[in-house]
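Both complexes below contain subunit A, partnered by subunit B and then by subunit C.
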Partner chain A sequence: MPVFYETEIASPLMLGTALYPSPDVLADAFRRSGAGVATVSLRRESAGGGDFWELIRELDIPVLPNTAGCHSVREAVTTAHMAREVFDTDWIKLEVIGHADTLQPDPFGLVEAARILSEDGFRVFPYTTEDGVLAGKLLDAGCEVLMPWGAPIGTGRGLMNPYGLRTLRAQFPEVPMVVDAGLGLPSHAAQVMEMGFDAVLLNTAVAQAGDPAAMAEGFALALRAGKLAYDADPMEPRDMAQPSTPLMGLAVLE
Partner chain B sequence: MTGVTILGAGVAGLCVAHELTTRGASVRLIDPQGGLTGCSRYAGGMLAPFCEGETAVTEVVTLGQGAADWWAAAGVQVERRGTLVVALGRDQRELVRFGRRVPQHRALSAPEISELEPALADRFQKALFIQDEAHLDPRKALSVLRDGLARRGVSIVTDGPISGQLIDCRGLAAREDLLKLRGVRGEMVILRAPDVTLHRPIRMLHPRHPIYIVPRGEGLYMLGATQIESGDQGPARLRGIAELLNAAYALHPAFAEAEVLEIGADARPAFPDNMPRVVKAPDRIHVNGLFRHGFLMAPALAQEAATLVLNSRKPEHIE
Partner chain C sequence: MKITVNGTVQEVSAQTLDAALAELGYGDARVATALNANFVPAAMRASQSLEAGDQLEILAPKQGG
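Right, the complex of A and B next:
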């Protein structure tokens, strides 16, 4: 199972806690999928979110607070500090949003915030693009995990740039990587694991499904399938058909 | 006559009081704030059981269907004009998803939209219409119930002894007794936009900021509502209001000239499954957790609570 900052988690499924029809449905989705990490946003619930946070703690799995909705380094750093107090964890999923419409990461602000937070003792999980140069700068800034996007947040489109993600995976083979955002179907998650990534993080695809708990379980199964396939050393695709049963010795019928 | 004391005169307390007095019970209604305050004031007043079925449990759809008749019978003006659901150009997929979850809809073409709501002509190519839904003005509705109770000799008192059976309708104030109850914050705006004429609630779908606009007559519109997992009952935040106002402007540019009459914020009481319910405790009956379904669900819960008190018969939706 994936190890982030010396902590092994129980499943490669990291599940967000927003947008569910109710807290009961949320808890069901976590139970049925056995998700390994719960991510939670602090920005909007900053005042009076106590009841909801208590509910997240009751899930009894590691919590990864995020800085969703932060558009500047300062906002993200402040939110991270608040998260550390509320959830008593030095883990932080760092989002510095560069564009309000696409929710695309701001790579410059991200590196700066990652450096400030890492120096301050945080274990940073940066939400980034598949850009390898940017990934290098984040590692230099102190990050030991990377979270490249699959597609823009909430789009459910699956992997927009599989080539870029494959290159990133190959460029930093030792760094734990989570594909975060843009997944819509379990097959997308299986693809991520088949490519050798360590985990996925998703929210909308589960929370806004008609039956969130069933969809969460679907993702968990797909992740397991993809991981098994990756570890099993899959065959290489070939150009020519090759019969798996030898033709020699077949009876020749009139 | 059976004596009952009701705590809290928001939509739950007033509906329970109305139902009980209609059935001949003698009622005391206590509310430290004098009633008609709290989050009921900020409700949208949509009686839209089918639209709510997009995310709510089936009981809300089933029980909510009696709400419009109940309110009309109580003397409240109920507008039965259905609900129109639209989405902006790039959010058309939201309309597809909503349509799948709310099978009671009829898909409308552009000419049909402009026939129903001429103000929206040429603004939307597609919409969903849910015919058997209604809306009311929540503040007027609460006043009608209060005045009706006064005529029956029941006035809201701010303090006093509890006699007879106790029905607790205090919303979030009952949290010390209902441990699973939580607050879900909401923000709303009241606009006066005489340049825009809409006849029925319009829901505009959006992946992040879905909104609704409910006409209140005489150019008044209620614009709602944010839904944030927080029990904070403090003033509205700029972000939520900016989202609501932007969405209204996107629905119709003439809202740009609207007067902003009121900005409101409060927290709705909700149980973990967001299902409103009657809860029997040793010393009282709770009617609580109305979440975003106050005016839709209070009538059904009031009937359940009244039946429980008067007949000691256990209705279905009690735990």
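Right, the complex of A and C next:
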């Protein structure tokens, strides 16, 4: 199972907690999939809240707070500090958003924030692109995990640049990598694992399915299938047909 | 004095951040605070004084992806 910053998690499925039709459905999705990490956020609180925190505690798995919605280094760093106190974890899913429509990462702000937070003792999970040069700079900044996107957040389109992701995987073979965002179907998650990635992080594909718990289980099974396939050393595709049934011993019947 | 709490102007009589949290009804709520965009750790709230016009953010665990 994946190991992030010396912590082994129970499943390669990292699941978001937003957009579910109800808290019960959320809890069902986590139970049925055996998800290994729950992502969470910080938002303004009106006096008297607190139910959500109880729900998350009952899941009894590591939480990964995010800096979603932050567009500047300063916002992201301050949010990370607030999250560390509230969630009592030094893990942070670092998002520094560069564009409001595409929600793509701001690579320059991301590296700067990653460096500041790593120096402050955070264990940073950067939401990044598949760019290998950027990945190298994030590692230099102190990150020990990378989270390249599959497609823009919430699109459910699957892997937009499989070639780029394969290249990134090959460039840093020892670095734990999570494909984060843009997955829509279990087959996308299987593809991620077949390429040798360590985990996926998704939310909308499960939470907005007609039956979120069933979809969550579907993703968990696909992740297992993809991991088995990667470890089993798949055959190379070829252009020409090749009979699988032996020609030796074929009867002459004409 | 008037301060802005999570985007809404409110009147508080408290002079420190921890007293303001109690006055606003947060009591022992699991929240993190930022004053004028600077994080104020829980341990520093008692010594953090308030001034009229301060911008206070009170954040709590919420759903996220």
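Heads up, the rule we're going with is that the second predicted complex is superposed on the first by the 246 of 254 C-alpha atoms of A that agree within 3 Å, B and C clash if a C-alpha of one lies under 4 Å from a C-alpha of the other, contacts with A are read in each partner's own complex, and residues count from 1 in each chain.
Simple rule for what comes next: a contact is a pair of C-beta atoms (placed from the backbone, for glycine too) under 8 Å apart; a residue touches a chain by one contact, two chains touch by 3 or more.
In this text the structure is predicted, and so the values were computed from the model without any measurement.
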In the superposition, subunit B vs subunit C on subunit A residues touched | C
Answer with first, second, both or neither: which of subunit B and subunit C does A:N66 touch in the superposed model?
-> second
Who does A:S22 touch here: subunit B (first), subunit C (second), both, or neither?
-> first
Is A:G210 contacted by the first partner subunit B, the second partner subunit C, both or neither?
-> first
Now for A:V86: first (subunit B), second (subunit C), both, or neither, which partner does it touch?
-> second
Would you check which partner chain A:T78 touches, where first means subunit B only, second means subunit C only, and both and neither mean what they say?
-> second
Go through the superposed model and pick first if A:F52 touches only subunit B, second if only subunit C, both, or neither.
-> both
Subunit B versus subunit C as contact partner of A:P234, first or second or both or neither = neither
Given the touch rule stated above, what does A:P173 touch, subunit B (first), subunit C (second), both, or neither?
-> neither
Taking the two structures together, which residues of subunit A meet both subunit B and subunit C?
-> 44-50, 52, 204
In the complex, the residues of subunit C that touch subunit A are 6-7, 24-26, 29-34, 37-39, 41-42, 57-65
In the complex, go through subunit A and note every residue touching subunit C.
-> 16-20, 39-50, 52-53, 56, 65-66, 68, 74, 78, 81-83, 85-87, 153, 201-204
The answer for subunit A against subunit B in the complex is residues 21-25, 27, 44-52, 55, 154, 204, 208, 210
Using the touch rule from the top, collect the residues of subunit B that touch subunit A in their complex.
-> 55-57, 97, 100-101, 182-183, 185, 207-208, 228-234, 239, 267, 270, 272-275
